[in-house]
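Following are the structures in question.
Next, two complexes with chain A in common: one pairs it with chain B, the other with chain C.
Our next item is the complex of A and B:
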């Protein structure tokens, strides 16, 4: 007997509600940012929105499948490098990347076309890798993703004709504003919430909770894992594309352990099974990083001289991960999504026939 | 290619392989008992290195510094068990993995703060840098020492695991943790013991590693943990014999690729050996040497 699952109306309604609540909250927060008139704050919030989108992408796979991934930064790298190649003006490419294939030498695409190209590329790479990875047993796949991270890093570090290796790539045009980053995150959160509530998402969650039972009920383990993997890679690559168009210059070191650690920290602290959790974790880690960035460089408070404390930010984040894992293993939000109580008020009002 | 060159490369691979095998054993030791791929394992090598640097700039001789460095790695290994992994006994595979990732970051950044984010170097005894001539072949003293020391440690370890009460308990726990507990093996002590042995192996491997490269940076632990990880996967996750085989296979693979590949492709050797890892995980998640299942 094969159990087929259709769209559940209740889950869909919950997803839409969570999506609206999250979008409204994000819009409100971002709406207040320009009031301060602080460039640095604007940049920080824009980066936060884009990184959030990527953490949500990571969540789409890890939260629904329950399989650890250390390799998602690889798709981030694919998106970022492809976007750089597609958007850097040809005259700069002639100097910086002279041995680029002629096909890419002359192109310069707009922002949206670039994001679409990056997402497609991420998807194609994810299908190729996923066909091999998703056949593995869950923990083995987790270990294999670790290999993916190191392979991708080694590839971009050494493929000098396309990535300029360790020297890094520069002169990516700045195409992303606070508004477009906000729109991107809202779209991504919608897709992630929709996937979580979709029949495929539910099957993937079933395979997370009990792979054997899920298979017995007719869930094709490999197919649902591949679906989650590819979808999350597509979003990741799109996020990487937007990221490249905000930071403008970057090198291979952005796609290795440091950033894997940062984004995983956001996901673990916020709650792996929740889209809101991913965004909340990202917000929390961003705030902490900003707070501890000053003492990291050393400072003086009154008569007390605090020496330079290199690596303080990461130390604090790592301790936070340990604390979360021990005290609240499923993260701050667990599997809950944000829902404004306004919906409930509305329902009570309806029940009482007041509107 | 001449025969001499091949023999020379084989000697090279044997020395490198014995070091990889030693380090991989430490990683496999914890994996076999706890099922944890300990990311923080590489940091034990870093701890050994910095302890040696700390002592040697204060005029303490290399051998003494090396011994204290090994002790430091062992202590740190046990401490990570007690603080980071013990509270997570019932947590999922993923949670313990994340925890070890966090531990690795904590140790790295503590070193950045307490010592320095910049590289440090130590003076390796001149005797280790010399080259011995054996007929037509040249062999570095360090390679010989590496090979001999690794072999000696492995033999001691095997003797310990085969003969002593604790060693047998450890093997029992590695074979089946639940059943081992049922027959009276104390879980926490055995896990602690596995971390102690893991730390010892990382320390000894660390001394040899540091002697090879002569310097240390806070993030130097990455390469040893990566190599051990590859060796452990090649050899079969969780079997000690497999880790040793995996270490040698990896070293021969690296040396062979280095000799056979054209120079532009050499930077990709790490990526290629990881492709091997993925292929092995794909074909059989248990690795080349399967864990023996007794009927």
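Our next item is the complex of A and C:
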């Protein structure tokens, strides 16, 4: 069956298998969470799923293009702030954001419409910026994204009529559950794997390895980079929207170095070239963060008193990054995607005409 | 300093043209100009009737010009199959999987299909480079030192492969081949174009080029009084 001209059906089939494998694994793991009846665990896993979606978004551009982007948090911010504006009840906006344009003062959208609006806004901003950025050589573009991070932070901090500046946004309704976060990550992973398997994705990966050789095979560098950039931004902004509707209150500090560092760490540790790696990296960093949060705050184990150790979590994550880059530079999963052995058995049985 | 001056070269479909000359004579520079990697200060590049001077490499590729590089430029983080797919996908009207399998088979790469390019032996890399360029179904194929680093047996296999490409109705492309292996050039090419210090010093059949005094002098650095002297 021809799906579309120019696609490799083999790559498409591999992507579908990887997606199903990852989705089943996520569903199994998340399905056990409510059994524990622990609300903190539910919140942590919900946040993990949403942050994973954003790390996958980051991977969609960075992993396929090989261009390090420090500025993706800008799209996260676009999604988060726009969602706050679209979902906070009008009577609260009247007090908290009195200078908003009347159109935004009165509107209150549901979760899905908000996510779509946020994704669209992220895409529009990405096109505007990407048309300039993707003309640059790879390294120059990476540095330019750093400027994007700083610009967006400055904008958030100072555009008080829309963002409330340093005081932060509050009263965002909680519209996201564990189930909806799981569905979001499954959809995002599907889109990311589809892009990776697509002709555009493969051309972008080729440009990552050797831009000149890629051009010699007809690859339009700017076009493929722009495609990856915009898709990545759309997903990132959608993730920001879901995140805002989970944390319910946030400020500019969530969209600067700390979160950039955390999410990049997840991607580097898990494997930049792998969607499964992005999720695995997020899981590992989340677990480590939770484990070391207790000694970071100081604790007593028996008669041993551990003092407060501020920054311990970030120190451990930084050491993990260094260790990964030294011992396994391609990350835990490299460019491999999860695929259950069962798929290989099914393929073998089919080849032998046993099924 | 001029890398090239007054060089005119014409390649027809279904012919093999050799381009030789000492190191630094401008051979690769000429190929880079033709394929859009470098922009010439003067002169023009025509692909058929289309003036492609100064076009980007991907634009020129879409006109039907494929090339390999002096040092194999492959996509190291992709498998052999994926490398070939990149070229084949330039022609969206074809069935990608069928075409990829066909090219892998044609160039004896099937056993390496799932191997990472970074793990390939040198000779296989060279074959893969040619398979990549042919994936775009070029009208003109430019091979930049395809025999570099190959032993005599591998060089003979390469010669058969290139002859096969010219004779295969599937490809029918004009082939420009740069190489320092004069044995390969003289056995393979319909005609030979010789550069020295950025200028054309001869264009003729291989037999005539072997005996051309100017060519001999450019390679050996001195004139031979013996009229029977020839390049081998």
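Everything below uses one rule, namely that the second predicted complex is superposed on the first by the 342 of 355 C-alpha atoms of A that agree within 3 Å, B and C clash if a C-alpha of one lies under 4 Å from a C-alpha of the other, contacts with A are read in each partner's own complex, and residues count from 1 in each chain.
By our rule, contacts are C-beta pairs under 8 Å (C-beta built on N, C-alpha and C of every residue); 3 or more make two chains touch, one makes a residue touch a chain.
None of the values given here were measured: they were computed from a predicted structure.
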Superposed partners chain B and chain C on chain A - clash or fit: fit
Arrangement angle, chain B at one end, chain C at the other, chain A at the vertex (C-alpha, nearest 10°): 80
First, second, both or neither for A:54, with chain B first and chain C second: neither
Dominant toucher of chain A (residue count), chain B or chain C: B
Which superposed partner A:273 touches (first chain B, second chain C, both, neither): second
Touched partner set for A:210, first chain B, second chain C, both or neither: second
First, second, both or neither for A:78, with chain B first and chain C second: neither
Which superposed partner A:162 touches (first chain B, second chain C, both, neither): neither
Which superposed partner A:26 touches (first chain B, second chain C, both, neither): neither
Partner chain(s) touched by A:242 [first = chain B, second = chain C, both, neither]: neither
Distance in angstrom between the closest Cα atoms of chain C and chain B, superposition on A: 9
Chain A residues touching chain B - in the complex, by the definition given at the top: 66, 68, 132-133, 135-137, 139-144, 146-148, 150-151, 154-155, 157-158, 257, 261, 264-265, 268, 309-312, 314-315, 317-319, 321-322, 325-326, 329
Chain B - residues contacting chain A, complex: 37, 84, 87-88, 91-95, 97-99, 101-103, 105-106, 108-110, 112-113, 117, 218, 222, 226, 229, 233, 237, 267-268, 270-271, 274-275, 277-278, 281-282, 285
Chain C residues within the chain A interface of the complex: 35-37, 56-58, 61-62, 66-67, 69, 73-78, 82-83, 85-87, 89-90, 92-93, 95-97, 100, 132-133, 135-136
Complex interface listing, chain A residues touching chain C: 2, 5-11, 199, 202-203, 205-206, 208-210, 212-221, 273, 335
